[in-house]
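What follows is a single structure, and I will ask about it in a moment.
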């Protein structure tokens, strides 16, 4: 059974804030990975897998910030699979506090494998990973929630 | 004389790398701010200005990653003003190593001011700040370099 | 009833590692705060308390590293109150993975309050905070566990 | 000619501050590495050296904080070699702003090499590295400056 979404909760830490008193925007991209890696773990996998020999560099990302997050806020990070091709996956992330969306992000990752010359080259996603994920239904990915 | 671009150079630090051996993608958004804040300083200003009483939260950002950055790489961060409205500014950032573009990012910031209820509300950019910046020529902002 | 210890568990995140493949040493000091702030929360408090008007800058810290922490390791952070004076508190932190101590740290914090000139000055710990904590028994703080 | 000290200057970045408006204490340990790695570079070396096959994990560190650092402060980081053994080096770091010491830290690093079983084991510092450094004169390391 392929999965298309995963939710984690996380409390904002002091060192994630900046002198403006809010979470520094760069940290939202760390939060996105926390959800992605927990999603992999929930499926019995790790994003780091030396046997498979593949890596997952990020090639594109965006984030829209609607409300600031503060120290000790409990934030829900809702990850959805938004796209899946032979070599890439697209993720959507919705950040919510008390049910209100505070930010929304997108990340595209590409599967890479080291070639004989030692260079990382894009590669087909191994079947055993690809089979774990499916694109979320269109209505879940749509804007209006 | 309004300015539309600024360039800084920076060497990648060890703690900015991750176990994949490359700069963690979240750090590119920190590098973008390093260029923005240096741009302000180059004009005799600070992004933090308690007299003016305005702040500059980020409301939207993107980044495309073309090549990884490694420890001790010297990276050039080229910031261009890509948009300017009454209350917002748009920035474009090009990351280059040895003349090759390794990443390109965009950030939109909004000018905010605390209202009487203590809430941050979008506000007109103070003239003395707005006058420092102008949108870069279209050809400089175009994609093909 | 005053408390003298608290334990949290935390999984190592990808961005906390560096190119050596292990958690960057600076992050242990962030982990220490995660335990401290969770300890406060467990007592119905927050380390940030605008009503009381006090802050808790760190004035001294140490850490000894025995074994590296890796991505996705589950680490137990055991915080003990090691000292308590009118204006300061001392903490000891033991990091364990699978029951083995991997690092041990110490932090001294001082209670500060802003004076009329706006400067932060050391201040007596408010009673309602001081009463929450007591120094751990000597044998628990001793080296050989 | 062996060297015993090195100085870098660095401006505090926005993301290095926290909601207390000052540099988060964990970042001082990052600043220490910035000086160490620049010291290596100043001698034509890199702390990362795959030919030599050695690594430099930190085994002990301390820091005393005297005054906070703020956004855009220019801080001088003065690194001194405080100890040198067959397998370890000790560093002292003095942080100054406008000539005033704001913090002082110490780090002990150990030279390690991967053994045949793939484990990192402490190892003799390669001669070509050891020869670059000498312990600073006692008076320079003493407390009273």
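Letters are used for the chains, namely A, B, C and D, taken in the order the chains are written, and counting of residues starts over at 1 for each.
One rule holds for everything that comes next: a residue touches a chain if its C-beta (ideal position, glycine included) is under 8 Å from a C-beta of that chain, and two chains touch if they have at least 3 such contacts.
Keep in mind the model is a prediction, meaning the values are calculated, not measured.
Two chain pairs, A-C and A-B, are compared here, and A-B has more C-beta pairs in contact (counted per touch definition above). Chain centres computed from CA atoms place C at the largest separation from subunit B.
Spacing of subunit A relative to subunit B, judged by their CA centroids, is 24 angstrom. Once the centre of each chain is set as its mean CA position, subunit A and subunit C turn out to be 30 Å apart. Residues of subunit D in contact with at least two other chains: 14-15, 19-20, 22, 26, 30, 48, 71. Across the interface of their complex, subunit C is touched by residues 14-15, 17-22, 24, 26, 71 of subunit B.
For subunit B in complex with subunit A, the touching residues are 19-20, 22, 25-27, 29-30, 48, 55, 57-65, 68, 120.
The residues of subunit C lying in touch with subunit A in their complex are 13-15, 30, 33-34, 37, 41, 46-48, 71-72.
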